[in-house]
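Heads up: the structure comes next, in structure tokens.
Each chain carries a letter (A, B and C) given by its place in the written order, and its residues are counted from 1.
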Amino acid sequence: MRRLKWLVPTLYIAFLMLPIYWLLCMSFKNTNEILGSLTLWPRNFTLENYQKIFTDPTWYRGYINSLIYVVINTVLSIAVALPAAYAFSRYRFMGDKHLFFWLLSNRMAPPAVFALPFFQLYSAVGLFDTHIAVALAHCLFNVPLAVWILEGFMSGVPKELDELAFIDGYSFPQFFRKFLLPAIASGIGVAAFFCFMFSWVELLLAKTLTSVDAKPIAATMTRTASTSGYELGLLAAAGALTIVPGAFVIYFVRNYIAKGFSLGRV
Amino acid sequence: MARIGLERLRHTYQAKPAGDADWALKEIDIQLADGGAYALLGPSGCGKTTLLNIVSGLLRPTAGRVLFGDVDVTEKPPDERNIAQVFQFPVVYDTMTVYDNLAFPLRNRGVAEASVGARVREIAELLDLGPTLRTRASGLTADGKQKISLGRGLVRSDVNVIMLDEPLTVIDPHLKWRLRSKLKELHQRIGLTMVYVTHDQTEAMTFADQVVVMHEGAVVQAGTPVELFERPRHTFVGHFIGSPGMNVLPCEVADGVARFAGQPVRTANAVAGVKSGARTEIGVRPEFVRFAAAGIPVRVVRVSDAGRHQVVETRHEDAVIRLLVDERDQVPAGTAHVSFDTEFTRLYVDGWLAA
Amino acid sequence: MKRVSQKAWWLVLPVVVLVGFNAIVPLMAVVNYSVQETFGNNRFFFEGVKWFDEVVNSPRFYGALRRQLLFTAIVLLIQVPLGMAIALAMPRRGVWASACLVLMSMPLLIPWNVVGAIWNIFALPDLGLLGWALNAMGINYNFTRQPLAAWATLVAMDVWHWTSLVALLAYAGLSAIPDAYYRAAKIDGASAWAVFRYVQLPKMKHVLTIAILLRFMDSFMIYTEAVVLTGGGPGNATTFLSIDLVKLALGQFDLGPAAAMSLIYFLIILLLSWVFYRVMTRDEAPG
């Protein structure tokens, strides 16, 4: 039974790859072939979809814009979440329980109607159509998530570790950097990836708060899907390319996610 | 219960060790007597935790054998060696009560429930955990949890040895001595072999009958606390044990006489037959250094109050000589002379006690 | 056990400011709309609870709610155990672990409209690999016409899309368990099942709480993927809460009812989340 353990992730990944394979296939076909009949692999292999994306600024600018605000948001979210998570984990203070739940509640509203007020708010502070605007707006749901994840991992580290470090003469920032951060490495890895991911795929706010300068890739794709009547091959290629940055991120944080915490003096 | 033999153990964590520095354990060959209280003492990185893990079976040594009694257990996993281990951070099963925690090892081995109850209560009594048996393990303080860890080892009647890996690390300083006394008491009552790994000499010296001092992967000296104190076989031992540590003074050897500061120094061990080019040093503990009318000239640099005595730091040129002076006595200021108690002054060659 | 200190508020201040800025003003605006009626030209008339009344008394609301509850329940029951099982079965380190992590995270990174589009094409009876394969095997499958097929496809899509979230969280949680616990369990002679029950599961409780709550909230608000895949159909077979909301809002071009509906949906999610949250963090201190 134990021998077959590898079968579980293998079957699961095979299941995941099937539609992705389909997506890749579509990206190498032209629209006619896709809508024409079912073909298991591209009969007329074409790179025209990818060419379009790499050469047309409306397309590749979309990726760059998305990348910019997503990275800003991820860094920002994790940076403010770390001290807050420490506070929740190590201290009790007035209103802490309610504050924590309030943070979570910000992920609970169906977004549709909130778009307009967001538009008004960010226009009022003069941030409309900037990367910062989207990065800040996404903090609404990413910061609570980061705090939530990090708090849990921090609570898994015995408080005695803090006291030990202070007794040994380390200052708070030193303790944070040398002891705490390595101990919660897997939490940081997963929190960073999720912040990146949720910000990367968020459509409504990103579209609402931008028009030209900071237009995200997801917006460009919906345009294609609705107006020019389904350029499927192009959409597929664009979709395939959206996977790439995130794959890099998780590759980058993989060691953090898989890292164990070995009990022992650092 | 068994004698533990460690034969020619060597261990490296590298796949292809290049030099000496790649070996975490250089060569360990010692016997631990049945029922003894041992301490593995040494600074961080000296290999004591590696050795502990090899004895408990969590690590397979690169070379050498581990014997419990006459049985070679080198290849056996931990659960077949009948050992118990207490870790640096308390390891308890949070969702279970204290009772269930203690009962866990017995239940896993299929012991009848009636005997489990009796045994658990007996051990809980021993460890002062009686009143907390029905509380959830997660609710106890750090020292309580360590006692549970210890208890899980004690409940089993087939335990050969208890290994303790710096168990007092997370205990509140003012509670440490309590747990330490408890461990000593337990050892005296039960008579199990206990191996206590630590970098704290106080813990080692107060707990153990035999202290094994390790340095850079090798055993430097094994002996009773008194032996280690009065007759250190290596300057490292002298330095590490005792607070303050032994004075180590570079000296010259000529014509069978050791000389420091231009004066002959009489030593307890023989000085003959020292190879030229070897590093020679005089070792003498501050306890055995006295102010005298004549002797080695020194400058008094600093006096610290350590309670019942004062630690006086003096210098002769660049060499530092420390001595202890009773709290009521006057410490001379400026310059003075010190002399060494011959019986406890020794010559060390390349760090090792000259034969 | 935790120290009481009001100074800790300084540590959470940046978070409160950042989130509050984005939360409070828009929320107030929506509340504002929900109690007013507009006849265009930016003229608003206070209407009190008229919109709330309307929403709560409409049968279509309850229909959407029922469907939503069913969908969320099914999805949670599949994704949480499956995600955990995958995390437990995944290699801990090495090249295979990295490969697993990267491949697993791919579905999460695809914009949701593209997810819907992929599955749409994938499941088409004539043009899609899945649809064609199922029909070739003799199953009469057409998700655009059959409610059951639509449900099945939606569930499959959601499982495909989101299970990795649970798996990743569980995996990170598992990795954070210190080695010493496994060693102690080994010394105690614990079986693999006992290790799971007494070491792994308790230590994963936190990540599982996050995973369950996240999936609950997000599946309750599901919109884009579902709309692109089935459009809420056939008929209203797969019209969940958000889809219903947008249909209504777009249909009437009226902020009032839409805002009221949003608030009601928000309150439902809030209530249910709160219940889940209390249950799961029953014996812990805050957070």
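Heads up, the rule we're going with is that contacts are C-beta pairs under 8 Å (C-beta built on N, C-alpha and C of every residue); 3 or more make two chains touch, one makes a residue touch a chain.
Quantities reported herein were computed from a predicted structural model and do not represent experimental measurements.
Central chain (C-alpha centroid nearest the global protein C-alpha centroid): A.
Ranked by the number of C-beta pairs in contact, the top chain pair here is A-C. For the pair chain A and chain C, the distance between C-alpha centroids works out to 15 Å. Centres computed as Cα averages put chain A at a distance of 50 Å from chain B. Chain C has its Cα centroid 55 Å from the Cα centroid of chain B. Counting partner chains per residue, chain B has residues 87-89 touching two or more of them. Shared interface positions of chain C, defined as residues touching 2 or more other chains, are 178, 180. Multi-chain contact residues, meaning those touching two or more other chains, occur in chain A at positions 263. Every residue of chain C that touches chain A in the complex is listed here, in rising order: 1-9, 11-12, 14-16, 18-19, 21-23, 25-27, 29-30, 33, 82, 85-86, 89-93, 97-98, 100-114, 117-119, 121-122, 126-130, 132, 160, 163-165, 167-169, 171-173, 175-180, 192, 203, 206-207, 209-210, 213-214, 217-218, 221, 223-224, 241-242, 245-246, 249, 255, 258-259, 261-262, 265-266, 269-270, 273-274, 277, 285-287.
Note for the complex: chain A touches chain C at residues 2, 5-6, 8-9, 12-13, 15-20, 22-23, 26, 34-35, 37-38, 40, 76, 80-81, 83-84, 86-94, 96-97, 99-101, 103-114, 116-118, 120-121, 136-137, 139-140, 143-145, 147-149, 151-153, 155-156, 159, 184, 186-187, 189-190, 193-194, 197, 200-201, 203, 217-218, 221-222, 225, 232, 235-236, 238-239, 242-243, 245-247, 250-251, 254, 257-263. Residues 158, 160-161, 164, 263-265 of chain A are the ones that touch chain B when the two sit in their complex. The residues of chain B lying in touch with chain C in their complex are 56, 58, 77-79, 83-85, 87-89, 91, 93-96, 104-105, 108-109, 149, 152-153.
For chain B in complex with chain A, the residues that touch the partner chain are 44, 49, 87-89, 142, 169-170.
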